[in-house]
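Each chain gets a letter, A, B, C, D and E, in the order it is written, and its residues are counted from 1.
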Amino acid sequence: MMKLLSQRLLGPVTLVLLALTVWLGIWVTPPDRIQGNLARLVYVHPAVAWVALYVSFGTATIASGLYLWRRTRSMVMDRVAHCAMEVSAVFIILTLITGSIWGRPTWGVWWAWDARLTSTAILGVFALAYLALRRANDDVEVRARRSAVFALLAAINVPIIHFSVQWWKTLHQNATVFTSTRTLLIHGIMAWTLLISFVAFTLLFFWLLRARYRLEEARDEEVARGLEEALAERQREGVR
Amino acid sequence: MSVAEAPGSPVATLTGAVVLVGGFPLLSGVDLTLAGGTVNVVTGANGAGKTSLLRLLGGLVALSRGEGRVCGVDLARGERLELRRRVGWLGHEGSFYDDLSAAENLTFAARALARPVTGVAEVLERVHLSARADTAAKRLSAGQRRRLGLAWLLLRRPQLWLLDEPYASLDVGGRSFFDGLVLDVAAAGATVVVSAHDTLGVSSASARTIRMAGGRVVEDGS
Amino acid sequence: MIRLALVVARKDLLIERRSRVLLWQVVPFGLMALLLAGLALGPRGAGHSNAAPGLFYLVMLLVTLLMINRSRAIEGAPGTRSSVATLGIDPASVFLGKSLALAVELWLAGVVILAGAVVALHTALGATATAVPSVVVTLAALACAGTLYGALSGGGEGPATLLPILSFPAFAPLLIAGERSYSAALHGGALWQWWVISLVALVAYLSVGILLYGVLEES
Amino acid sequence: MIRLALVVARKDLLIERRSRVLLWQVVPFGLMALLLAGLALGPRGAGHSNAAPGLFYLVMLLVTLLMINRSRAIEGAPGTRSSVATLGIDPASVFLGKSLALAVELWLAGVVILAGAVVALHTALGATATAVPSVVVTLAALACAGTLYGALSGGGEGPATLLPILSFPAFAPLLIAGERSYSAALHGGALWQWWVISLVALVAYLSVGILLYGVLEES
Amino acid sequence: MSVAEAPGSPVATLTGAVVLVGGFPLLSGVDLTLAGGTVNVVTGANGAGKTSLLRLLGGLVALSRGEGRVCGVDLARGERLELRRRVGWLGHEGSFYDDLSAAENLTFAARALARPVTGVAEVLERVHLSARADTAAKRLSAGQRRRLGLAWLLLRRPQLWLLDEPYASLDVGGRSFFDGLVLDVAAAGATVVVSAHDTLGVSSASARTIRMAGGRVVEDGS
């Protein structure tokens, strides 16, 4: 019952929250004193980055870990890892794009050799490399193992990105939204909008993940259906 | 090697084994039981799936559907590394290092297996390669490479011998040496699976002949 | 485990000594790349000494890639030829052995390239000497990471070109750490901090390799 | 000759399209190398825009090396597998065809890497556009030189690692010419002069290749 | 191909031919004359130099000492490229592109030889590979690769056919097809040199048997 409800509701709720974020972000919250309307990117960029780094990359990492652990090894985990990583690649690219758009007016450049930006880009390459690795192996089991190990190795990068702003003096914003003491630095409607944006993008991720997973499942089913035919044809070869 | 199963008890059992590579079924449902200490010859037309069957038995490809147990290892659970330790493989390529000499290759194998290195010279003698002991493996002739492959297997003494077209490239002397070897090995309790187009010397003897076609076993002369 | 690792390392080094790929091909290539990189940055000579640590590590990275390809080529397709597959050597030993052999080769190459950097890019000799411990550790970490990624990209259908893209993101932090600690040695600054990062990376890759190399080889 | 060259080029491009090595492996590698080179030079951001032309060509050089290795791997050992050997295609056509295929691949890769350079190294887009003709010619020259040197280092016992050292000296002038004309496009200066050097190199490599490729393949 | 020499006139003559590789003599002085339009079987123990002889005749290795003329090309003058155009080679590796399908490989060959591309399907049919026309060459089984190699030669129709252990990997049908092919080819005026450990179907017919040992011809049953 709960499961059914959540399945039915995930899509609509995501849409509503995204719409709410847009409405609050554009019409309700005030423009920033210094940055003007550009500051509204704060309702997109951090949320997208959060999803890219923690939610989706984290999902992919955990699923990969579960695949490698003998007891929980199953193709489901492999598929989840694959789909999550694909979505993650999209979100990392979105992070880079929104960040660049924001960076042009605030820092005067699209790109800088800043530790956080660079490490984010490197994470993006990790995600792309993961997808390339999957393409290069067509033995199902080999592919699953290799990509799982690779995902685990890539995950080491995530904490580096997070702490990069503290370890290296950088251009990028320090932790402004949530400081290390977990106090909220911005208030009122802005804080609420920010919170809603985080929830909305997180739900968007799970929605996309589910859609992608189903697609993969359907593809596998189709392959399985084709398999019967292929088997029959292969067996007929002998008779001829 | 350590787990010497009772002779006669099955070394390998496959039920409905399917191997898919890139969506194509190399094997399309193989049912087979191989008893320990026997010699089995797999025949069939080109592309019938002989090499694929041997590769499955050796843990070199994954089982896509069906069940299989080889040398006590469950193929479906993906412990192929474990399996590979117990089987010996002789294919067209040769499983040794091209830049090392024949003797160096075998010495490495002996060291890795913690066997006395003195066995190397003796094994080389048996396959008639003593004169080429110091020649780099890549410079050996086709038949000499085959012989080196046999020497490597002799050192390893695996539980299950998988030999893909062993007669290819071997000269007359090599072939009769091979026949003797196979009978010895089987007598010592190991199981031998050979794929072949030729009529082997051993076929006339005790061997069981398995004919494949279209990725399946179509005739089993056990 | 250690005994087997030594057997494997010895075999790899023997093959290397036979084929002399390192001596005649990889090291000259490294020197060449160093010169070219110097050229590519233009004749603004002054800048070179600043860029030296970065260039040194960039070149060592390329050298590592070449050497991993070699090490992979030696083993051939997994399953049919690799020593793990046919001899049942436990994978942790294979990983250790191959990493050790690769590290030795990288150290040898590093000495020459470092000398090249000192001569061609006018880096201070004394300061370079202080950087040596960090170079040793960083190259060892590169070797471990390289062996791991070699196994990842190896075998099956994947051609050698998959390796760079897989390993580059992992090498990047090593590159940065190495560059910074070399720079610190040249220009003063906190040396040990970056040194520790390299060390941590080395330990991390070593443990991951020992634990997971088997999973990779199995496939 | 042209007809046969097209047959050869088509075959090479078909194989490339099958394996998608360029798309999935070489181009990402190039982007990665760009990022890393940026990193290796440290975060002193200002210097980057100056270094952009040099880095671009350095990366394209690495890409070329990878692609030549691919192109060589496709042909396999000479004599047993190469198309010249088994089909008696005249070597000039083989040279032209392989160079053409390589040039097409390099152009495609160049577009992406150039875009990466514009975004990541803050090079001016307009000025980069003026540099395009010279880039096209230089990459074509690289392709011809690469094919030639691929054949030189190829086959027999020589592993892929021999290639870099053989070809690097030949690539150096191209690298310089390309870098200078790109720099000139960015900062003003005599553009055509370096452009002509690239063009001369292209013509030179083309004619040498057409005349001498047969000699190389024969051995 | 253009220069059809009179049948019976020698296609190849070797006098005291020595081939050194890395200081080792693969051939240690071969004297041999091959007449046009004949079938020649080279036999001998492993490492006797059969493959080396074929490689020399195909222009794949250089002549170090002695004299040789093959298909009108002087081996000592180093015009091996010219020679390679006139000979066809079938070895263990297969001379085609692994990433292209069987049909694409042959289409490329046909285009490069300026032959009609329609011949490809027909040739594939002859070697019984029609069902695998679209399979990448690297996925073919050992015997199918051999057949593809034969198809490639069929398209090329060289003057001198050099076949290294052609029976290896071929099934019974393939072997008899091969026998028929060789006799056809010889009847059409081309010369065939085959190295073999097996007793070939053609040996019984008109073939001349050349036995090698230690890099030399030791028996010539012409």
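The working rule: contacts are C-beta pairs under 8 Å (C-beta built on N, C-alpha and C of every residue); 3 or more make two chains touch, one makes a residue touch a chain.
Just so it is clear, the model here is predicted, and its values are computed rather than measured.
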item: Mutual neighbours - chains that touch chain A and chain C alike; value: B, D
item: Shortest path length from chain A to chain E (each step joins two touching chains); value: 2
item: Selected pair, greater C-beta contact count between A-D and B-C; value: B-C
item: Remotest chain, chain C as reference, centres from CA atoms; value: E
item: For chain C paired with chain D, centre-to-centre distance based on mean C-alpha positions, whole Å; value: 26
item: Cα-centroid distance, chain D relative to chain E, in whole angstrom; value: 37
item: Where chain B and chain E are represented by their mean Cα positions, the distance between them in whole Å; value: 30
item: Touching two or more other chains - residues of chain C; value: 19, 162, 165, 168-169, 172, 218-219
item: Shared interface positions of chain A, touching two or more other chains; value: 118, 122, 125, 128-129, 132, 136, 138-139, 141-142, 237
item: Every chain pair in contact, whichever chains are involved; value: A-B, A-C, A-D, B-C, B-E, C-D, D-E
item: Residues of chain A defined as touching chain B within the complex; value: 73, 138-142, 223, 226-227, 230-231, 234-239
item: Interface residues, chain B side, partner chain C - complex; value: 58-60, 78-81, 84-86, 88-89, 91, 93-97, 99-100, 104, 108-109, 111-113, 136, 152, 156
item: Chain A-touching residues of chain D, taken from the complex the two chains share; value: 20, 24-25, 28, 31-32, 35, 38-39, 42-43, 45, 48, 119-122
item: Complex interface listing, chain E residues touching chain B; value: 21-22, 24, 44-47, 51, 92, 132, 139-144, 146-147, 164-165, 168-175, 197-198
item: Residue numbers on chain B that touch chain A, as the complex places them; value: 18, 20-25, 28-29, 47-48, 61-62, 64, 78, 212-216, 218
